[in-house]
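Attaching a single structure in structure tokens format; questions to follow.
Chain naming follows the written order as A, B, C, D, E, F, G and H, and within any one chain the residues start at number 1.
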Amino acid sequence: GYAKIDHHRGIRQGVPEVIYGQGKTPEQILGIVKAMSDRGAENILITRMSGDAAEFVQESIALDYHPIPKIGIVGRCKEVTAQGKIVVATGGTSDLAVAEEAALTAEVLGNEVERLYDVGVAGLHRLLANLDVLMQAKVVIAVAGMEGALASVVGGLVDCPVIAVPTSIGYGASFGGVSALLSMLNSCASGVSVVNIDNGFGAGYLASMINHIGGAV
Amino acid sequence: GYAKIDHHRGIRQGVPEVIYGQGKTPEQILGIVKAMSDRGAENILITRMSGDAAEFVQESIALDYHPIPKIGIVGRCKEVTAQGKIVVATGGTSDLAVAEEAALTAEVLGNEVERLYDVGVAGLHRLLANLDVLMQAKVVIAVAGMEGALASVVGGLVDCPVIAVPTSIGYGASFGGVSALLSMLNSCASGVSVVNIDNGFGAGYLASMINHIGGAV
Amino acid sequence: GYAKIDHHRGIRQGVPEVIYGQGKTPEQILGIVKAMSDRGAENILITRMSGDAAEFVQESIALDYHPIPKIGIVGRCKEVTAQGKIVVATGGTSDLAVAEEAALTAEVLGNEVERLYDVGVAGLHRLLANLDVLMQAKVVIAVAGMEGALASVVGGLVDCPVIAVPTSIGYGASFGGVSALLSMLNSCASGVSVVNIDNGFGAGYLASMINHIGGAV
Amino acid sequence: GYAKIDHHRGIRQGVPEVIYGQGKTPEQILGIVKAMSDRGAENILITRMSGDAAEFVQESIALDYHPIPKIGIVGRCKEVTAQGKIVVATGGTSDLAVAEEAALTAEVLGNEVERLYDVGVAGLHRLLANLDVLMQAKVVIAVAGMEGALASVVGGLVDCPVIAVPTSIGYGASFGGVSALLSMLNSCASGVSVVNIDNGFGAGYLASMINHIGGAV
Amino acid sequence: GYAKIDHHRGIRQGVPEVIYGQGKTPEQILGIVKAMSDRGAENILITRMSGDAAEFVQESIALDYHPIPKIGIVGRCKEVTAQGKIVVATGGTSDLAVAEEAALTAEVLGNEVERLYDVGVAGLHRLLANLDVLMQAKVVIAVAGMEGALASVVGGLVDCPVIAVPTSIGYGASFGGVSALLSMLNSCASGVSVVNIDNGFGAGYLASMINHIGGAV
Amino acid sequence: GYAKIDHHRGIRQGVPEVIYGQGKTPEQILGIVKAMSDRGAENILITRMSGDAAEFVQESIALDYHPIPKIGIVGRCKEVTAQGKIVVATGGTSDLAVAEEAALTAEVLGNEVERLYDVGVAGLHRLLANLDVLMQAKVVIAVAGMEGALASVVGGLVDCPVIAVPTSIGYGASFGGVSALLSMLNSCASGVSVVNIDNGFGAGYLASMINHIGGAV
Amino acid sequence: GYAKIDHHRGIRQGVPEVIYGQGKTPEQILGIVKAMSDRGAENILITRMSGDAAEFVQESIALDYHPIPKIGIVGRCKEVTAQGKIVVATGGTSDLAVAEEAALTAEVLGNEVERLYDVGVAGLHRLLANLDVLMQAKVVIAVAGMEGALASVVGGLVDCPVIAVPTSIGYGASFGGVSALLSMLNSCASGVSVVNIDNGFGAGYLASMINHIGGAV
Amino acid sequence: GYAKIDHHRGIRQGVPEVIYGQGKTPEQILGIVKAMSDRGAENILITRMSGDAAEFVQESIALDYHPIPKIGIVGRCKEVTAQGKIVVATGGTSDLAVAEEAALTAEVLGNEVERLYDVGVAGLHRLLANLDVLMQAKVVIAVAGMEGALASVVGGLVDCPVIAVPTSIGYGASFGGVSALLSMLNSCASGVSVVNIDNGFGAGYLASMINHIGGAV
């Protein structure tokens, strides 16, 4: 077999199965999905899935595909299992793909998610006009490229954990996300931590973990 | 005045006041401490405080000083206000200063902390022998320099958030913590996020935030 | 002679003479000051001047020395020659030395300067409480280390040129000012440009140039 | 909506609307243009616009498209509203696209612009032969890739602000504009500041801001 | 001739001939293969060989082609000439191509190879379940991208040399293999050394050298 | 306890105990040495040990101290337990400290070591004059700073494993060993692998591992 | 006009005209060639010229095109005008394109050139077998990618200037030529200087300059 | 012996002996000097020699010591053996130490040297006022830190080889000489090549080599 499927994770972690689609052939993805289904998985999230792979899998199995964040979902149950709300904020419209990877991941994992897109700090009024939404969050995911200042500003406004996701959006001295990454790591606001550039999945997963602390609905 | 003291944070965030000592003179630190006390602060944490500054402040005010993590604490109340436990793990003994910055910060903020030091992945039995401690954590802080692999291994073992703190410990291609930082950002384990190199304070603060979710003792 | 003094700049640029003190011996600095005075300079600014050099020069000539920004001024005339106001804002108290290099340079060059220190974006209320000051500026100099977000936020609020000065303040992934520099270069706000890390002089000089456009007092 | 349009900027900043075309679909761009027109915008600048997007928009709305700098202009009014002149100089012919982004931006914003292309410092006579043009500028935009020396040389010749734009033109150790960027940040000439690599728009916008200081025509 | 073929290496090093296919045309590769055969080579390994080149060569000569690691083998003799076993372990399934370059190289050079794929440290049970295989190795080749922690963990478990191969697999802050490379260079486990990013060939070759120490079968 | 001593390694790996002295106080080092002796260790190697620490330990215990490579040895048994010879070669005399760390480590671990210092490739005759020594090696350790070319040249001459150790010797674009490190990783010679910058210990340890394959004396 | 043609260089420098083809359209190249011819140029070298551009120009003007180094030559006169010989050596066959750019440039400029390709240091006998050729050189151009050691070894063998050209050939930690560049800059051999990565033209031009010192044939 | 002295170089290269003093003890330097004298060396150059080492050596042997470039000269014969002139130009006064290392090296090797210091490009008139000196050079050494533009400007003015020496002078984004190094490597002027940061010796040596081509005085 080309991949060791972790038969215990579903049970141990109480979460849906996750497949990282990048670098896997459509056939491999379908094979893993089927193997997971065979042993009882009812809820499978596939990240970084190409449109071709989605079409190929959809010929055999019902799959809900989101082309912008390149996410496929098999058998998603809609139940919300955590009490709090996760807010996903972005600096610009170009950060949408990464933000949706985070938001959909969190939704599949049983969370209520509110989106606050295009509220970057170069136009502060857009963020301040949505302070009430931010303030109600149990966790905020701040997604931004370029100068990545969103995480610091949000972190200074809210009292809950802020998960910062640098994106590779930008040009020149943004260096594929490095500028935003460094900004976020150097954030002077307390409560901010950072995941890899473009890692919406990781942010959504961690946000869900935190949001589930303190009991189910 | 040289610094704008934030008179509302104590109330808004419900946490002790914090002073970042680096680059402040002993006189400046004492001045800020006094101003804070005057307006009612009972609990002040001073990070990156030199031994000289500590001695100077201790002449005027009772201060509990920890020389290795360079932390000073004024009027620390010992109460634990959160139910869960925070585990602070380190790869080596050299990571101690950063780990203690995290642990003391979390303790001052009202958390029970358990230390698991020198359990780096090059001697896996040391980590596996302490699996029970890890499994009881509500949050884990993983502190490591050099190759920084501890965060990934711990992240794969536990189901709670893991806050990774790269340290500047190492030589040659460790590049002052960059190697550990990159390792941690690239962690394949879900639930891992990262703070700045040597930022024990940030990790302790965020861990406390998460640990206080779900109600007090 | 060890240095070619530019005998025409005083006339050509209409500004006081400037000596870059770094790497020059006290004797060399005094020698250049005397040569400049001999040919009629009434107003000399010395940047990056050590305390020792200042003491040495003060034995021969009246010199106004500012130890934090390491600036020495000979024969400063107090006149303000431009109509507008330059605002110098900093993210934290540690950026003071660089900010004062900028502010004093601008003052020596005949500008009214207003200081707005410690208004970093992790505590946005400190900046917003001073919006009126910012709005009256003809140029803003935004000085910040760490994540350098101040320039973007200020740039989004004001309609005048913003000169961003990254500082080497910070630790870990701030990489001696690189993180702040990249943030500022990637600023999404229009009207922002950047000078070298810690180059308060350059920012003050350029701000004065812009502030003098449009006629004298 | 995918983008929060800033309804107040037209009024607050007194400038045409600007759309950053990179990463937006032709449909999105047209949608934003229409929304802006609906609320009264008469003058819209679209940067980083693909030829395809231009053709698509031109089917619905009159658009003046410049393929080399990839700029689209809707309803450009030709009036010059500032007294001074902006000179745009480039090191080589390959810097043309970035230079035109700057020049067209400045023209749309109501400035008289003079172009001085291919005057790089490796053939100094080309620059010196145009000294009179440089000397008449109220602001100079210096655009150069490779070693980026143009900004320093120009900065030493003129007494007005110089906005340096590093370009990604070059190969090998030019590292996509990093070499030129560093050169320009380290400029020994006073009055020089820097924008992001290839950011012609930012330079044109800032130059216009400065050129408008001191009153309209 | 476009290449100086080393007529003595076959004899001097006692190993099959090796051709590095990258950047050579199909015609050049065939030409070198023929020249080698003409002077007696019976066993030729071609690395980084495109599918097109393989098809072209197969028209003239029997060639065993492996498309994933892009390896072509002419006249491979199956004999195992060393006593010990080489274990090739990978962190994920995406590291397969590099791992197979190593494994096939080692097999062509007369070694018994055991594969242990997808045993990354974020799911430690997968590695621990295969401890017996690891313990029997005379050399281990540890292939991993992303955080590259596999080499350290394996190095801490076994007492034989570990050759670490960082791969360019990953995204964001993996920087094309740099993160894994740094991790491996900083390994705290003794007995670990590192080859270039994606250099499966180099690892297989060195492993064979070590495995042949101590006598043939 | 500040450090978890690994009570099984002596037995599991059949090698002397090793203490990494960097960042440990003299008291801590002595404490660890005593604890090791108490449980039966007869042979202890201390690397990166300061002169002060050595003097402090020597007051209590017999310790053989080498100031240039900063190595301390307790109870070294002189026996050679492996058949082959390890050659340690350096590019210049400045690489001596790192080379001796490697050589002494290998000797303590029971190997015969031959030193070939100052045979850098800019004076090829020095290396060629010693070809016979190189050819008799079972493993070569190539230690070099600056351009690090020694590893490639030696790797092309010998048929045994070459362990390359980049050193931080150099200035300017040697970047603390990075230039030599990259050279060595890119070596075109087969059989070359690399350890961390200045990691003489790691090279000596691995060389001993390889040299002990194939049976004792 | 899109380019300022330097009408005086032909006379001032006594060399053929040179056009840098990269980023110029076929039409632009032809236009420049014609303008040069019109004012009397008899000898024109075009570097980085695409095959398409060559075909386009050949329709109007006789052009000698070399596809591997992408060089076009108009009206090349074959005369050798310098007494000495330039040797161009490469590490591998993949460095051929850059080496030919250097060699052809030197030949067009009136030099006798001898090629010594694929003599990299990992097989030293190939270089030593050609010592006589090297020793007769008045200048050597050493072209190498990967570890770039060739320049140091050659520099140690000869007593004439060595111009080192790093190439972008390689993979992984060769970082597009950076590894070779750093090696060459750190060369311990005297008489070695370096040009930009892949800058065969620059090396050929400088070699010709040096070779012409001391009088014509 | 700690160093292999090259007994043939004096004869083979016809130049004085050179000792690289960095990292050698005063005793070692004296030892090498004596050994060289014993076998007939009459002319020894010691670079990077500390003041302490100079004093120590001067107790035994006559040594001419230059503290700024840290050069010691034993038995320097004043004869000029080459016809041409070498011009050493610097951007600022802070580049003096490196420039003198180059100039003294060239003088010891038998060249006439003319110094042109503090002629940086931010004040072009200083360079243009010395055009006649530049034009008479057979080789120019251009020494500059910060933006390093001097090499390009000089290279465009003269028709002889220009050896560029980046210096580590500067702050912030000069990164210890990297900015100047990159500028110089990317120079658009033909005839420019580069040596390591601060490598005045290397530049002086190469300049002498070139200047001696074409016969002695």
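What we mean here is this: a contact is a pair of C-beta atoms (placed from the backbone, for glycine too) under 8 Å apart; a residue touches a chain by one contact, two chains touch by 3 or more.
Being a predicted model, the structure only gives us computed values, none of them experimental.
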item	value
Required minimum of steps from chain B to chain F, each step between chains that touch	1
Pair joined by the larger number of C-beta contacts - G-H, D-G	G-H
Counterpart interface for B-F, drawn from A-C, D-G or G-H and sharing over half of its contact pairs	D-G
Separation of mean Cα positions, chain B and chain A [Å, integer]	27
Chain centre separation in whole Å, for chain H relative to chain D (CA means)	43
Chain E and chain H, separation of their C-alpha mean positions in angstrom	46
Interface hub residues of chain F, defined as touching at least two other chains	123, 172-174, 178, 181, 185-186, 190, 196-197
Chains touching one another, given as label pairs in label order	A-B, A-C, A-D, A-E, B-C, B-E, B-F, C-D, C-H, D-G, D-H, E-F, E-G, F-G, F-H, G-H
Chain H-facing residues of chain G, complex	12-14, 18, 138, 159-161, 163, 181, 185-187, 190-197, 202-203, 205-206, 209-210, 213-215
Contacting residues of chain F [partner chain B, same complex]	2-4, 6, 8-9, 22-24, 28, 166, 168, 176-178, 181, 196-199
Chain C-touching residues of chain H, taken from the complex the two chains share	93-94, 96, 117-119, 123, 125-126, 169, 171-174
Chain H-facing residues of chain D, complex	91-92, 120-124, 146-149, 152-153, 155-157, 170, 172-175, 178-180, 182-190
